[in-house]
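Shared between the two complexes below is subunit A, which has subunit B as its partner in the first and subunit C in the second.
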Partner chain A sequence: MTVPGSLAPVFEPGFFSSSPVHVALIVGGVVAVVSGVVGTFTVMRGQAFAGHSLADIGTAGGSAAFLVGISPLYGFVTMNLIAAGAMELIGIRRPRGRDLATGIVLGAALGLAALFLYWDTTSSSTTGATINVLFGSIFELPSSLVPVIAVFSVVATGIVLVLYRPLLLSSLSPDLAATRGVPVRLVGIGYLIALAVAVSLSAVTIGAILSTALLIGPAAAALRLTKRAPLAMAIAAGVGVAATWLGILLAYDSYDWPPRHQGWPVSFFVVTLVFAFYIVIHLSVRRAGGHRPNPVSAGAA
Partner chain B sequence: MFSGFMVNAWEAATIVAVVAGVVGFFTVLRGSAFAAHALPNGAFAGAAGASLVGVNVIIGLGVFALLGALTIAGLGRRARQDVATALAIVMMLGLGALFLSMTTEYAPEIYSLLFGEVLGVSSNELLPTAGIGMVCIGVVFLLYRPLLLSSVMPDAAEARGVKGRQMDLAFLILIALATTMAVPVVGSLLIFSLLIGPPAAARSFTNKPLHAMGLSVGFALGTVWAAIALSFTSNLPIGFFVGAISACSYAAGRGWAAWRRTRPLPPTLPAGFLPV
Partner chain C sequence: MSGSPILTVDGISVWLSGRQILHDVGFRIEAGEFTGLIGSNGAGKTTLLRVILGLESPTSGHVLVGGRSLNRRNPLIGYVPQKILLDPDMPLRARDLVGLGLDGHRFGLPRRSPAQKQLIDEMLDAVDATSFADARVGNLSGGEQQRVLIAHALISRPRLLLLDEPLANLDLRSEQEIVELVARIATEQQIAVLISAHDMNPLLPVTDRVVYVAGGRVASGTTEEVVTTEVLSQLYGHHVDVVHINERILVVAGHDTAVHHHSDSGAGYV
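This part shows the complex of A and B:
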């Protein structure tokens, strides 16, 4: 693919012909769409902490998988499903209790991660596991991962779409949903499973930071713009994809930038773009005046 | 176990545990577990930035922890606090990723900043730890009543002229201070476990705030001391023991509370009763 002359300064030579870039664009795009769809409900339900924690908790599974010699992705998914179950089990219905339940599970999982990572580093000489998991390395994804990622993406979005109506109702008003005969707790568990799968997927491919950024940032901004859930999901997915692709492009271009001529990390660019977008929306919605936070997004944290 | 370099470890861990027990009591009461996770984790990026420009790690940690606290408080005024916290932590970690990519000699220190290096505490790290720890305790002492009231009964606190926003900000700065003090000693993940586990367990045993705070400090001290001893004898990372003991003490607290619930309640509620 050739780049038109006027765009040459934007797209450094080789951007469209590099195969790591292709894989990064595809995986990043898929993960951003899944995160936008799932994240809209995460923000609505006030489960940002759970979403972020699952990305960290998965580290314990990932490092354990490394220890027994299977792909970290399976470790992540297994650990996160266990953690989601534990959160649900000890979680108290009120938001404060749920925060605490998440915190306890996160603390215990991080302890396990410390142990497994210690064994990982003593049994072999790789010290990169921690950093890789936290910060991700989108340019180092093998293309064989693409089908696996596709399957998990379909599972996560499928659960959200199948549960769409009861999930929406029970996210907006659990009491109303309960009186209408929606099994609120079951729907909540189903949603937590979708969240666990989506977060494992993004944390293991693009890193825990980006996972949370794409899950929360675009969805939170979208919900400031519109109160209609399908539109918010579409905006969140679109913003996520745009931020990811622009971030990949900037990271690719930054190869010649100071100070070390090694390129700046993708996660930095994507996070900054997402954060900047949220701040712009945050300030402009405030300046428009009279646009008070709706009851969904104004509840106590 | 108590000789030479280990003395520093015992002293530093004791200071951290006392502060974590006190600050953690309010963390659990306010349901601010996410902030207690985000600030230490994000401040770790500040340590990376400090080593990049060549200043003391504590300054980097402090600046980032305070910036994080201000960001959460600022964004949290018009949006949900959990969304504000999530955005603050990813932005700080994004900067951390940038700083780390620019430095060369930093990689081995990351594990210790995340998971703690309590056995390698030097004597000149003890002084700032103790100093900031004293400030934390002092702030809690000064703000004890308004902070308690706004944590337990926000509406009643507003009616009495205690501004919820100001208390939110004061509390976030308190966590930022505790973070700055504790991260170089015990790591950002350990301080989180200590801020949540022992106080959550303590609350299951008593409803009186001062008793719960004392018990919380006691549990935190027990957790850290046991973790150091176990880590010293077994040669396994201290983070594992702190995480495991914290979770177990919380489980014990829940078990005790469940057992108590099967017995009849005392006839009158004690003074200083907190709704649980």
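This part shows the complex of A and C:
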């Protein structure tokens, strides 16, 4: 593909012909969509802490995967599903029990991650594991992983879209949902599975530590922009894709940049773009007076 | 008040973590009746409502709704919960919440027919919520939220409407508006209402009967039958005085002058 002359300074030579860039654009875009859709519910349900904890917990799986020589994606997914199950068993349904359960599982998993990462860094073949697990590896993903990522993406997005109404109702009031015949606990488990998968996908692209930014940031901004949940999911997905693609482009361009002329990490750009977008939205919506404070009410739970 | 009752509560006892919350509770509600479920916080009102809703299993006794025993999804019951999680940022309009009353248990994103949309509009109109139908529910006042929740409960055409402390945290005017609204709809649509409250006074103009809860036991009947010094003293297990002041009823502990309960009802009371 040739780039028109006027855009040449933006798209550095080789951007559109590089195979790692292709994979990064595809995977990054897909993962941003998943994060936007799932993240909208994460923000609505007030589970940002659980989402971030899953990402941290996943590092134990991601680092273990390096030790046995498989893609960290499988490690993340396995570990996150186990952790989501543990949180559900300990009692994720009550906000207070939920935070405690999350914290307990998080602590145990980080201990494991410390051990595995230590082994990774002391073994000569996997010294890059720490950076890879914590900060992502979007330019190093093998194209063979693309179909796997696609399947996981369809599963996570599909769960949230199929459960949309029962999930919305049980997020508002579990009792109200139960009286309408919603199997509240099963719906909650379904959502946790989607969250675990979404966080894993995000972890392999922009890194375990930063994945929350992609999960929470676009969704939080979208909730300020629209009062319709389906539209919020679409906006969050769009914002995520834009930030990810722009981040990939900037990272590619940054190979010429100071101070070291070795390129800046994609994750940095993606997270910064998401953050900047959220701040702009936050300030502009506030100035527009779009939010009057919630008065004392029966609804303020 | 003849015919088969819409709700029969018979011999309900509930133990929760080793403590008996309800003792052999029984009462009936006839179709179209407006009943106040009165009692102080912790008396067992919420547990009783949860049993009727099928959210809590009684240790003994049974509940019949429309003559049939309970199961989880009972289309005859409409429920207005006391608390619902509503952040101001929640992307949910009043009309969306009412729509969930129609099809919130179904899978997938909502795709509603023109007839369903019209029904939602009619319900919003019935609770005087048309003017804020497109506002975020989280930005509405307490009274406005109650209206929307009532429309949510009514859209599935229940025969019995359960409201859990709908007047809590409302100012006096909203309190009165909600009571009048529920009474009007109950009459118009022939729906029986069971409404819990720690202060019976706002409900007195419209209630047909009261179910008075104290210490996990109940007394039921008309207000004149139940809210008397004799009946309530027996229910509480110690002497209380029922005092009428300016068409308001106060229940005070006997002998000393301290207000025995209802003391948390604040400005709406004395």
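To be clear about the criterion, the second predicted complex is superposed on the first by the 276 of 301 C-alpha atoms of A that agree within 3 Å, B and C clash if a C-alpha of one lies under 4 Å from a C-alpha of the other, contacts with A are read in each partner's own complex, and residues count from 1 in each chain.
Keep this in mind: a contact is a pair of C-beta atoms (placed from the backbone, for glycine too) under 8 Å apart; a residue touches a chain by one contact, two chains touch by 3 or more.
All values reported here derive from a predicted model rather than from experimental measurement.
Enquirer: Which partner does A:A177 contact after superposing on A: first (subunit B), second (subunit C), both, neither?
Expert: second
Enquirer: Once the structures are superposed on A, label A:R224 by its partner contacts, choosing first (subunit B), second (subunit C), both or neither.
Expert: In the superposition, A:R224 contacts both subunit B and subunit C.
Enquirer: Given the superposition on chain A, which partner contacts more residues in subunit A: subunit B or subunit C?
Expert: Answer, by number of touched residues of subunit A: B.
Enquirer: Is A:G46 touching the first partner subunit B, the second partner subunit C, both, or neither of them?
Expert: The answer is both, since A:G46 touches subunit B and subunit C.
Enquirer: Please indicate which partner A:L163 is in contact with in the superposed arrangement: first for subunit B, second for subunit C, both, or neither.
Expert: So A:L163 only meets subunit C here.
Enquirer: Overlap of the subunit B and subunit C footprints on subunit A, residue-wise?
Expert: In subunit A, positions 43, 46, 220, 224, 293, 297-301 sit in both the subunit B and subunit C interfaces.
Enquirer: Can you tell me which positions in subunit C touch subunit A when the two form their complex?
Expert: So the residues of subunit C in touch with subunit A come to 50, 53-55, 72-74, 77, 79, 81-93, 96-97, 100, 103-110, 134-143, 145-146, 165-166, 168-170.
Enquirer: For a test of understanding, state which residues of subunit A touch subunit B in their complex under the given definition.
Expert: 43, 46-49, 51-53, 90, 95-97, 99-100, 102-104, 106-115, 117-118, 121, 127-128, 130-131, 134-135, 209-210, 212-213, 215-217, 220, 224, 259-260, 262-265, 267-268, 270-272, 274-275, 278, 282, 286, 293, 297-301
Enquirer: Could you pull out which subunit A residues touch subunit C in their complex?
Expert: 40, 43-44, 46, 161-166, 168-169, 171-173, 175-182, 220, 222-224, 226-232, 291-301
Enquirer: Mind pulling up the subunit B residues that touch subunit A in the complex?
Expert: Touching subunit A: residues 28, 30-34, 36-37, 75-76, 78-83, 85-87, 89-91, 93-98, 100-102, 104, 107-108, 110-111, 114-115, 189, 192-193, 196-197, 200, 236-237, 239-244, 246-247, 250, 254 of subunit B.
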